[in-house]
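Presented sequentially are two complexes of chain A, the first with chain B as partner and the second with chain C.
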Partner chain A sequence: MSSLIFSPEYLQRRSFIELNARDRAKALFDSETGRELAGPFDRIESPWLAMQGVTPQADDGCIVMRGRIGGQHAVVIAFNGSFQGGGIGEVSGAKLSAALDLACRDSENGKPTSAVLLLETGGVRLQEANLGLAAVAEIISSIVALRRYAPVISVIAGPVGCFGGMSLAAGVSSYIVMTPEGRLGLNGPEVIEEESGVEEFDASNRALIWSIYGGQQRYNQGLVDVLVDDDTDQMIKTVRDLITKGVPPINRSEQVDLYRSRIAALDPSTQWAPGKLSWSAASLARPIGRNQEAATDK
Partner chain B sequence: MEQIELNYSAKRKISKNAHVGVVGSGDLEVLLEPKDADTASVRIRTSVDGFKDNWKAVLDRFFSQYDGAVHIEINDAGATPGAVYLRLQQAVEASES
Partner chain C sequence: MPGDPPSVLVADASIGNETARFLCVVPDHDSRFPCARHGEVGLEQAYTLAARVREVIGETPRTSRSSSLPRPIIAIVDVKSQAYGRREEIAGIHLAAAAAADAYATARFAGHPVITLIVGQAISGGFLTHGYQANRLLAFADNDVLIHAMRKEPAARITRRTVDQLESLAKTVTPISYDVRDYAKLGLLYKLLPISNPEAPSADEISLVRNALVEAIADSRKGPTDLRNRFDQTARKATHLIRARLEEQWNQ
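After this line comes the complex of A and B, so read on.
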């Protein structure tokens, strides 16, 4: 482990996770083409937080940037996991779904515009619960509308991860990219511990948590398309390659029979070790290897 | 949450906005904008009530060194005075780079 962490390559990499949300978004665009929409000086902030004694943030923790990636039109929406755990409120949710809807409108008008979601979010922000839930529903329908024309890529890079309703949004996107540090799940570990007790699930046991929700495990389960190291250059290349690849022949969320058959094959009377819950790439309807070969052929 | 407003005199015109920081635990967000006047104004919103004297002391010291005609908005989530001062310096650096 120490030889990996102290290797020159590891130390010299440009970490993607250590960038703040705005710099992550900016990094993905072709040289300086990204420009921010509805930025902090437009002050579109949550009207609900101050009423509850919570300090709002000028951009509501959601950064929208438009520009070109690999020469193609793209919009990047980045959540700031440090503000309210990246939670979706009325404003941040509206920024995300409006950006997707504009990308969809441009795509329909002959200007295909991909979307990249940088998700660091615990899901709906509890201070705006009903509006946040409505926002998640809008986000999901906006993703489903856009993904017919241009790829919607969800990137889950940092340890905040992607939980709650936003894990469903990630699930309907065209591609999911994760790092081993990222986490993806519906109910977060703290929520399960709170509900069912520490004997059932110990949210402080990092090895256990990452063995279930972590990027490597989600990749082994075939729920993630690309697993990348925490490296900005690799992340840029991965996102570019997926945009070049375009709309997948079949979306993950359309493969209902495949995922149902996997669940049906599991015996719920036994306790499954996370390591046993993996499926080889060959069992996937759209194996990663084949699509990557197809992309290089073009 | 408490809102605090402070005013200072200023001499120098500033040309560029700056936005630094995040409203995360122990941190704060600073928005710095040029102002058409020879004054500077500050609006603070903080999640921790009852520290108006500390805020005034930090901003008094900051404006004893800085003479830009700016409007500053601070959204705070419990940052220490040291962290506040560093974020203010970072905002000035970003606006003058």
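After this line comes the complex of A and C, so read on.
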């Protein structure tokens, strides 16, 4: 890693993570084709936050943009991790599922429209608890519907990561892209420590956290399709390549027998040290390879 | 079924004039995974649900007794949560949960009536994994029925409130309430069933549940296979507003 950090290419890169949600979305589209829908000037705010003394935001922390990526129709839905931890509320959740449903309708009518989800989210926004949870169920359903016609690509780039119910949304996607700075899991470290005790998970142990949830580990396990550096140009190319690649022959979450047999082979009788599992990407039913390799392919 | 953990109950049984597949997650105090011994949905439970649901999608129509219609799948839900463990996260429990939700959603889109009967707890990732992809949701109107994103104590702590404050807010903020009767006001339930004592139901109550399931099956066969029936006009005004606005601006 250190040789990478000091290389001129790395120093001169444009960081993707440092962009805000709107700029991340915009960056992925072909020059200036990204058009924001139901944006902040539409002023559709969460109806539930003000009732609880929480200041709402005019876009509810979710940006929907439509345009072309690599010449193909696409919609990008980006979460702003700095508003309520990117939590899914009624409005932000409905934005995402409605955008997926419209992409699905166009795709069914012969205009394939891919979806890119820029996920920076801790899961359900607890101030909207049951409507957030319901929205996540609807999002999962809408992804499963759309991915039959066009790829749904989940990108987990920043350190907020993708947790809670939204990790299922990533799980049912056609492809998952992560940076080494991203994290992916169902239960975050604090929740596990709270529910099962500090012996189960010490949430202050950064090394433990990254060795479990980090993008590099998830990629080594084959739970992620592409690992890409925090570089906007590489991210653009990665997303474009996956859209060009189209719908995969089988989705990861459909490979029940493969993953079930892997779980059956595990020995959970004692606690596991970090790095316990490295189901290699090579043993996957559909290896895609590192972005660097993909870059030289085309 | 052979190879399945004892915590996942699977049965093919008659309902109405057809054979449905019933699935339920129950406690198993001897589970190999220590964080999945009390009725939580863990790795083994989630992948087993996924496998047993996919089995029904894959079968040829003649195994469905009276008709060639895709047969019903009925999830009986009493799940206290997903499994909160280190081993689970290392092994990618998010994918296990996704595989189960995927299987239920795929069955629904393939025309199987997927019906969920909530008889106890339906919490967070546990519910997303087992039950929340159904065409129709039914629940007992019982004080022990609990549908929520998180248990009361940690939810209060994380939102920096006391449990008392949370409870008093829940009187006006319907989606954060822990009462199933408030949940019913969100328009997500097909039916709330009055069962006085679920532990010892009367014959009438058993037939009430049976009839409600048969009706839910018939009703879901009449409607679309997606989840749009959950978008209640009054309870989810903001959902309608955002959907209409996106639709309006989509092709501008």
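By definition in this document, the second predicted complex is superposed on the first by the 280 of 298 C-alpha atoms of A that agree within 3 Å, B and C clash if a C-alpha of one lies under 4 Å from a C-alpha of the other, contacts with A are read in each partner's own complex, and residues count from 1 in each chain.
Definition applied: a contact is a pair of C-beta atoms (placed from the backbone, for glycine too) under 8 Å apart; a residue touches a chain by one contact, two chains touch by 3 or more.
On a predicted model such as this, the values are computed, not experimentally measured, just so you know.
Peer 1: With the two structures laid over each other on chain A, which partner does A:S82 touch: chain B (first), chain C (second), both, or neither?
Peer 2: After superposing on A, A:S82 lies in contact with chain B but is clear of chain C.
Peer 1: Under the stated touch criterion, which partner chain does A:V64 make contact with: chain B (first), chain C (second), both, or neither?
Peer 2: A:V64: touches chain C, not chain B.
Peer 1: Should A:P40 be classified as contacting the first partner (chain B), the second (chain C), both, or neither?
Peer 2: Only chain B is touched by A:P40; chain C is not.
Peer 1: Have a look and say if chain B or chain C is in touch with more residues of chain A.
Peer 2: The partner with more contacted residues on chain A is C.
Peer 1: May I ask you to decide whether A:P56 touches chain B, chain C, both, or neither, giving the answer as first, second, both or neither?
Peer 2: So A:P56 only meets chain B here.
Peer 1: Quick one: classify A:E200 as touching chain B (first), chain C (second), both or neither.
Peer 2: second
Peer 1: Please indicate which partner A:S31 is in contact with in the superposed arrangement: first for chain B, second for chain C, both, or neither.
Peer 2: Neither chain B nor chain C is touched by A:S31.
Peer 1: Across the complex, what residues on chain A touch chain B?
Peer 2: Residue list for chain A touching chain B: 20, 39-41, 50, 53-58, 61, 80, 82-84.
Peer 1: Touching residues of chain C toward chain A in the complex: what are they?
Peer 2: On the chain C side, the touching residues are 32-35, 43-44, 47-48, 50-51, 54, 81-82, 84-99, 101-103, 105-106, 108-109, 124-125, 127-129, 132-133, 147-150, 154-155, 157-159, 169, 172-177, 183, 186, 188, 226-227, 230, 236-239, 241-243, 245-247, 249-250.
Peer 1: Mind listing the chain B positions that touch chain A in their complex?
Peer 2: 1, 17, 19, 22-25, 27, 29, 31, 33, 45-47, 73, 75-77
Peer 1: With touch defined as at the start, can you tell me which chain A residues reach chain C in the complex?
Peer 2: Listed in rising order, the residues are 37-38, 42, 44, 46-48, 51-52, 64, 66, 90-91, 94-95, 98-99, 101-102, 124, 126-138, 140-142, 144-145, 164-165, 167-172, 184-187, 191-192, 194-196, 200-201, 212-213, 218, 221, 223, 251-257, 259-260, 262-264, 266, 268-269, 271-272, 274, 276-277.
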